[in-house]
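I've put the structures underneath this note.
In what follows, chain A forms one complex with chain B and a second complex with chain C.
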Partner chain A sequence: MVQVNPGFIDQVGQAKTFNAAACMNCGVCSAVCPMGIELLPRKLFRYVLLGVEDKVRENSATIYSCLLCKMCEVNCPAGVHIAENVRTLRYYLYKK
Partner chain B sequence: MPLPTGDTIGILADNLRLRKSVLPIPAGVATRWSRGLNLPRGGETVLYTGMMYQLIPYIAAMSKAQGKVEDSPLANFVRLGRMINKVVNISGFMARPARDMQVRYDGMLVGIARLLEQAGVEFGYLYEEELYSGALVYDLGVDDVFAQHAREVYQTFRKKGVKNVITVDPHTTNMLRSVYPQLIEGYDLQVRSYLEVLAERLPATGPAPGGADVVIHDSCVYARYENIIEPQRKLLAAAGIKVKEPRDSGKFTLCCGGPAESLFPKKALERAAIRVAQLQAVSRQGVTMCPICLVNLQKAAGPDMNLRDISEYLTQGVRP
Partner chain C sequence: MSDRRIGVYICHCGGNISDYVNVETVRQAVANEPGVVVAKTAMFSCSDATQQEMIQDIREQNLDGLVVASCSPKLHLPTFREVARRAGLNPYRYTQVNIREQCSWTHTNDHAGATEKAVRLVRAGIARTNLTDPLQPIVIDTVPAVLVVGAGIAGLRAAVGLADLGLSVYLVEKSPNPGGRVGGLGAMYPHGKNGRQLIDRLVGEVRKRELVTLFTNAEMVAKSGTIGSFNVKIRVGGKAPGEISVDVGAIVVATGFDNYQPAAGEYGYGMDGVITLPEFKKLLDGTAGELEYNGRQVKDIVYIYCVGSRQQGGENPNKYCSRYCCNAAVHASLQVSEKSPRAHQFHLYRDVRTYGKYELMYNEAREKGAVFCAFGRDEPPGVASGPDGKLVVTVRDLLTYGEELAIPADLVVLVTGMVPAANSGLTELLKLPLGQDRFFNEIHPKLRPVETMVDGVFICGTCQGPKNSSESVASALAAVSQGASILKKGYVELEPLIAEVDPQACDLCGDCLNTCPYSAIEQDTAAIRINSAQCKGCGGCAPVCPKGAINLKGYTDSQVKSMIDALLKEI
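Presenting the complex of A and B:
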């Protein structure tokens, strides 16, 4: 069973700058990612918004393997701040 | 077993907090490149190396050691390493840089200083008071340690009366120009890459004739974070280099994989090999403008490709 923590987005710390809600799940980011990161940002950011904390922790290797290269961001039609969102998740994981 | 992420990050963050650098190196090594140049100490305008070029030979040695640890039972000892590192600088034991590499990377900084002098730019240097920018710890998301360090770096500039900072690599440029201002109230340093400073001063004579075909690898940070795309092309053209574009270039450049180096050395190398193939499809001579790109791509290319820092191409016309 999936545990949901509605306050998770606030715990991530920077709810205002975490702009994943703009994502329309088009998949461009995954298609262009040089690391082939399928999970970021579409699914993982959605987990944060939904409060599925465990999924974020389970996928810490994915979060740290992002190059912060912004190839996804420069192609994203919704202007999601993907690299900054990834850094925000790293801060959360470091604090845990 | 892969490297334990939390402990590896912990070692880098502890180093920054305790020793002011992710990979502490002796002050004499950090400033050695400037010997004999008679650069003034400090001043309103300073050349800030951010220590990236000096750190690369150590990072290369460290990553070789890490590559051996990754996927081996030794990965279990990284936690112990972090505990010891709080008392003794373990990076000092792990990373012995190659001398020829140090000479080459120091030479790039000498070249940059000479190019600026030749262009009539007046600048000083902070010597042993210069601090690392904290870029790697920022990327790893250790924001509180980073913010504290950023304030110390800024205070050092303030105390010395610095107003203008000339940077030499994309990561340091991004930290000082775009990240520090978000963290430090009243931040008032003017920050420019030496590529921008030099390009601005180019005489309007147009490209020099002749020259070799060289494929350009844009740094993601220059291209996508700092929008620095044209200055490097103008400078190379003026130096008589025929710049060739690879498949992914400019704003859409493909990352060298280097940022994965500290935690996932093998993945970093795989990414670099993909980029090298794109570059080699265009030319066997390549130009980079970030020391991390250079070391990571060269490692993947081996002897099949001659990659050089942009400062090395630009100084071809500057007397030693």
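Presenting the complex of A and C:
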């Protein structure tokens, strides 16, 4: 059972720089990732949208292993600004 | 033998029939049947050329009976009856034999068997035709007035439409005010039009039309007569109660739906903060600023979809989708985003059915931050009370890799659907058939969507099944055009293939009275009579009569016996 924390959504999810609402979980991002990161971005973004803070913290190493190469972003059929979102998450983790 | 002069035409139907049935064999086998003077085959009997040939044969050979062995009578019975009529032959002396659906298409692996079956069926058709009498359609003059039951959005719109076609309308509403469900709504999807204002506008239109008489606090209590000429009694309550009798040519039923009412404890219903979608809409419509419930600010909302719809088990499950609720819930969610931009909204659904252009609302809701989670049909969400006076909804979210989520909520909205309105009295009164879902049933969902098995009685709006308001209005206008198409002509023609009683043989035992599903048999001290406008020619009464006094015109006992003899004749 994971706890949904709406306060976390306010801090990260609804920040102007984070926007993953258009993500439809297709998985193209994971398929093209040169680092083979399975969790990023689609699964992790889902946890952010839902406000599951624990899952985001547990996976901070993964968030920092992203190269920000934007392979996922140029291939995203929904046009999600993935690299910008990852940066926002790093900022949040650093600040805490 | 027979002094009749019958023409028989065996159709190839291109190759649909002749690829499997040897039509020439059939022709030869029936050419010498009693009464047959013309026996031909045709590539396409329904073609203009063959129709002309038939007309010529009927005239030149003085034919008094016609048999076409081709496709289903559903398709071409009217075609060949019309051929007979054009040639001066009574259309009811025509018999269609179906050797396509019943022979060639069903016995594709047995050509000899298909051919033998075709021979027997055609012989039976000829035998029946030998005993046909000329019949005339039953003509009924129609009353240019319509009773509309229910003054919701469908009934009101139907009344306006009928009046604009010059028909008098009696609009009967059970409650003290017209408007129905829509009249109680504020902003409605997709454009935020106000339900109350829509109804006010329609009621204004009704009041402008002298042809419409609106009765509120009123109910239909009795109905007699038939299509084109019903007599209806309306009981009016209120300050000056009484009963009014009106004559109408058609009846439009627009009695709407009831909201599904969850049982106590169903998804936590009954707990503080668990409300249905209609209750939530009322709350929204009555809130100008930020959303509050029982004096508390509403920050987190969880919607649970498909409550009371698409049920899997239990007694009389509502297996259908209620069609409007996904859209209404998503629209409500957008209203919340306007009023309380910082609220968090979680939509727990089984499948989102924001079909057609309503998909745009769904996209907009997601863009505004609403999160959608999918639960499996075997794992519905749970609702319990949590810390700080909040509720907690647990759900296994299929979109988060089957993760079980615990979502805190100030308000849990049960997205409830539609159930049939409780109007069993009306069902009895009009003898309207109900579907398995217990909504009123149309004759054909695609081709005859507002007509019922009861001639002259039409259904529209949500009494027929879940619809949104635009779909309700569309079906109301369909009922308008169907009703008016009968009444504007001034008369209706009914099939004369109905029961008749031989008064010489009848001993008034009355055994037949209860066999009629259409209440078409009437008895007084002197005789038993068939109401020719009410009888559907089902034949249910004929075999029950101990004296053999009832015959079905077109399918008399002697005709049926002769058909059986012909079917059993040696090849």
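The criterion applied here is as follows: the second predicted complex is superposed on the first by the 94 of 96 C-alpha atoms of A that agree within 3 Å, B and C clash if a C-alpha of one lies under 4 Å from a C-alpha of the other, contacts with A are read in each partner's own complex, and residues count from 1 in each chain.
To be clear about the criterion, a contact is a pair of C-beta atoms (placed from the backbone, for glycine too) under 8 Å apart; a residue touches a chain by one contact, two chains touch by 3 or more.
Predicted model only: the values in this text are computed from it and were never measured.
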Task = Evaluate whether chain B and chain C can sit on chain A together after superposition, giving fit or clash.
result = fit
Task = Identify the partner contact of A:65: answer first if only chain B is touched, second if only chain C is, both if each is, neither if none is.
result = first
Request  = Check the residue A:88 against both partner chains and state whether it touches chain B (first), chain C (second), both, or neither.
outcome  = first
Key: chain B versus chain C as contact partner of A:26, first or second or both or neither   = neither
Inquiry  = I'd like to know which partner A:35 touches here: chain B for first, chain C for second, both or neither.
reply    = first
Key: Angular separation of chain B and chain C about chain A, which is computed from CA centres of the superposed model and rounded to the nearest 10 °   = 140
Message = Quick check: superposed on A, how many Å separate the nearest Cα atoms of chain B and chain C?
response = 23
Inquiry  = Can you tell me which positions in chain B touch chain A when the two form their complex?
reply    = 2, 5-6, 9, 13, 138-143, 220, 224-225, 251-252, 254-255, 257-260, 263-264, 267, 271, 274
Key: chain A partner contacts - residues on chain C that touch it in the complex   = 299-300, 342, 344, 346, 366-369, 371, 373, 394, 397, 399-401, 403-408
Message = For a test of understanding, state which residues of chain A touch chain C in their complex under the given definition.
response = 1-4, 6, 9-10, 13-14, 21-22, 25, 43, 46-47, 49-52
Ask   = Which positions of chain A touch chain B when the two form their complex?
value = 34-35, 60-61, 64-65, 67-71, 73-74, 87-94
